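Heads up, the next two complexes both have chain A, just with different partners, chain B and then chain C.
And then the complex of A and B:
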């Protein structure tokens, strides 16, 4: 059996589903449960990572400092992960995260813009941190481009590199091709992070493992924006049956998922109509709450808003475009 | 303003040098070329083959690949030096240029070393210090509005999210994101008096490239839509006096949350229309240089001195 390392961003990416409102008790409780299950890495933070609490995407209920110290205290065996988007967080945030005991630090960049990570990956290399780089919205680049960008970030200092299917747009063959291209271009572990907009997240993750990915992301109950992420407690046993070892204890994993469903979310994510549309349109799933709110206010069809955002090639972080698109569609409707 | 009525004296044009040959440096050279009162005396880069040096040479200006050393070696100090390099280099450039008498250094990098200037906010007088910071593109786009809002309302929080087209974001911009964030936040706070501020920068690879945009989110408890729109429209009108492509795209008030979306299109001989981020900061820089030129010109006229 070959081994795959599971990276669990429930307490970071899941925040998108609850407008970044996870409290201290929820953070502590889930981190303890994940630690007990033997999940190797538990990632925590605002949904867009360190320093990203904002009106643009939502202000967090708990400060970065308190989130990190809470989860650090709760983890005995698991390593603590954090996430940072250059232009949102800064090296100061990285420095603070290291001081809080973050073990794995992921820098996220749009899939064609990896040079934005050069400075921060260099900083992390100097600091001796385990730096990862993830290429977001990876359906917007070809396998060849992704492989080139992955090789660049390894040169900058990343010790693992991979892709996020931020819009939940991929089918398994798309993943096989892309992970294969990246694995052929770098000699560090390759990461895959799936979203479930088209119901493909687990299948895509297994395809990634078969194509050579060494690190897979999954969230309890799929906790995440829109249709959610790869459902962790499904992914792990499916991987084991497919011949990939995770080292995670099944009952502990199922208990952690029970805790998450009860304490972290009003209801587990479902593949709702709007999530299907955002997957088809290739728009970041995290836009959903704001698209819904703005569309309701202006009386426009949120599905039209997603397709128009896709046409404008909106990338993660560009939530401010939603207001413009809604205003434009609402004016067009008034004229027609 | 360099022309005096005293025909017995000859007033030389104000000499400027540009260091840095990326898109921002090239546009500066073209804007100096357009200016009736500024004379481009040297364009300094580090690579003889760079497009920026070739562009300057095509316009007939002296060029050098000697970088800052060539600026320092000039027989007479330049009246104005534009620094279009990067935030890390700027502090060193200032250390080297500071001893030169009479040189005004205008910083286009987000280094936060010099005196902050935002033309519609800090006024049209010449700067009082010899190192002037243009803050950042997001700062130049947002501060006229955030300053006006803070003057009129009790603003509790300001956040500025700018999106720049990838094709116009050069290596220095990409390496200076931390400085961009820190300097922009600091300047927004300084000019609005609001302590809680945040700056975010997105780089968009959309094709065709999207026009530079800045969204301002503010928390203002007592704002009404009409009052906010009036304040924003007035601030934008004043910016358009020197940056013609500056436009308010949307302005909404929901409860205590105000969102103002701005776009800036470039009005430039060398920049694509979408590169309003470079156009607005360079237009502001040229305005500062021209004000400095006017002051030098009137000083020369008063004393009858030949500069």
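And then the complex of A and C:
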């Protein structure tokens, strides 16, 4: 059996599914349940990470300070993780997280833009923090490019590096290739974070472990936007059956998931049509509300909009492209 | 691209999730949507198949006659499928189905008990019907045993043969081995029917196609009991991306799934704790209501009951074992 470390972003990535409205009792209750199950790292925060609470992406119900102190207090064995997107958060937020006792600090960047993480990773290295770096929308770069970027961030100070399948686009063979390339290029643990748009989150995570990933992410009931993340309480026993040790206790894990279903979410994630289409198109599913609104207004099919955004290689943050694409499809329809 | 034929049991296996209560408007509406999408075979019936409507497993809202005539009328291009478990249904039910214009008739048997299908498959061969045979709870037999049983049913008259992962226990490598063994032993199309207890239904189905399966089952939104079946509208585009042709039109398929979510089910299937446990234990998830009821009464953990039923190799139909197991666990607990 080889060991895999599980990282649980239920209280961070799951926030996207409830517009960042998790309250203190929910944060505390889930953190306690995850701790009791022996989950190694429990991540908490606004869905977009430290400092991101805002009118633009949604105000969180609870401040960063209160989220961090609540979860810190609830964890007796598990380490506490936080996430930050440079630009949304700043060095001040990192300082605050360290002061709150964050053990694992993850910096997320678009897969080809790792230089944006250089300063923060350098700062965290100086501070002696356990800094990770994750390359987002990783289907948009080749295995070779990802390996190069991974080597760069290790140079900047990352103690673990990996990829997020932000659009839920990968099939297992895609993951095998990319994780294999990264694992061959760095000597730190490699991370894989899946999404379930094509029903492959668990299979992709197992493929990642087999290709050399040492850290896998999963959320209770897959809690997350759209089709959701890798379902943690399915992933863990499947990993164990596949020859990987997680150190997590099954019944405790199932109990934590039941708490999450009851107290954190209105309902578990469903893989609906637009989740499938955004996964196939390779477009960040966070575009969905705006794609739906603009498509409805113009009378075009939102599925066509997603496929066209995919052809144009839209990346997270380029929501302005949605308006262009809808306008063009609408004109094309009027002429036809 | 090699071709795979999709068989859609939404209106039969999905019935388990709604205690066989689908009404005429739902049956007609979904059949029309599936037909419009170009789904080759649309299966209909009580969840347990022809003739099974009863107090014991639940009375269907609509009679077999009305189900078959409704769907027959709604299908213009798709073929109509029916399912029968020997014992629940009889030759009379098969005659009735043929008279109603059923194109594909599937006989289901426990994976080691194919002799039970001999008479019905012989009857269907005489009648010139397209008869399939599926081996249920197929994780309980070795690849070699399954291949032997498959060869037997082809001798009895089956024009296609395959396996159901009735407990949702398989991982992709298990499917590869079993489908490969069967495909090597028979010269008719091989069927795979998945369940999603371990989040692997889509990955398992792709593995089946790669190992030589020519017929794959999937249900809209995975509609089915517990964790549900393979999600059809995810499976089809993933198959296409993996090099298999289905002939199904994507947007029509997504529309059919949205109709199903809206009109057929209270909510799409969720992979809850007992679905995961029954999948791991290799126990038919249909045991769940009785396991829950007996466990609650005796104050034992239903998860322990499932794992113990798995150790005893309980097969579908042996619900009486539940009472024994609960009594023993309860006594053990009292002594401890």
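The rule is simple: the second predicted complex is superposed on the first by the 297 of 336 C-alpha atoms of A that agree within 3 Å, B and C clash if a C-alpha of one lies under 4 Å from a C-alpha of the other, contacts with A are read in each partner's own complex, and residues count from 1 in each chain.
To be clear about the criterion, contacts are C-beta pairs under 8 Å (C-beta built on N, C-alpha and C of every residue); 3 or more make two chains touch, one makes a residue touch a chain.
From a predicted model like this one, the values you see are computed outputs, not experimental measurements.
Colleague: Considering only the touch criterion stated at the top, classify A:330 as touching first (chain B), second (chain C), both, or neither.
Modeller: A:330 sits against neither chain B nor chain C.
Colleague: Output check: A:199 vs chain B and chain C. Expected answer is one of first, second, both, neither. What do you get?
Modeller: A:199 contacts chain C only, not chain B.
Colleague: Once the shared chain is lined up, is A:69 touching chain B (first), chain C (second), both, or neither of them?
Modeller: After superposition on chain A, A:69 lies in contact with neither partner.
Colleague: In the overlaid three-chain picture, which partner chain does A:172 touch, first (chain B) or second (chain C), both, or neither?
Modeller: second
Colleague: Can A:21 be said to touch chain B (first), chain C (second), both, or neither?
Modeller: Neither chain B nor chain C is touched by A:21.
Colleague: Touching chain A in the complex: which residues of chain B?
Modeller: 157, 159, 161, 163, 166, 171, 174-175, 177-178, 180-182, 198, 200-207, 210, 213, 215, 217, 219, 249-250, 252, 254, 257, 259, 261
Colleague: Which residues of chain C touch chain A once you look at their complex with the stated criterion?
Modeller: Chain C residues touching chain A: 171-172, 198-203, 206, 221, 231, 233-235, 237-238, 241-242, 251, 254, 257-258, 261, 267-268, 270-273, 276-277, 280, 301, 303.
Colleague: In the complex of these two chains, what residues of chain A are touching chain B?
Modeller: Those in contact with chain B are residues 54-56, 86-88, 90-92, 110, 112-113, 115-116, 118-119, 140, 297, 312-315, 317-318, 320, 323-324, 327.
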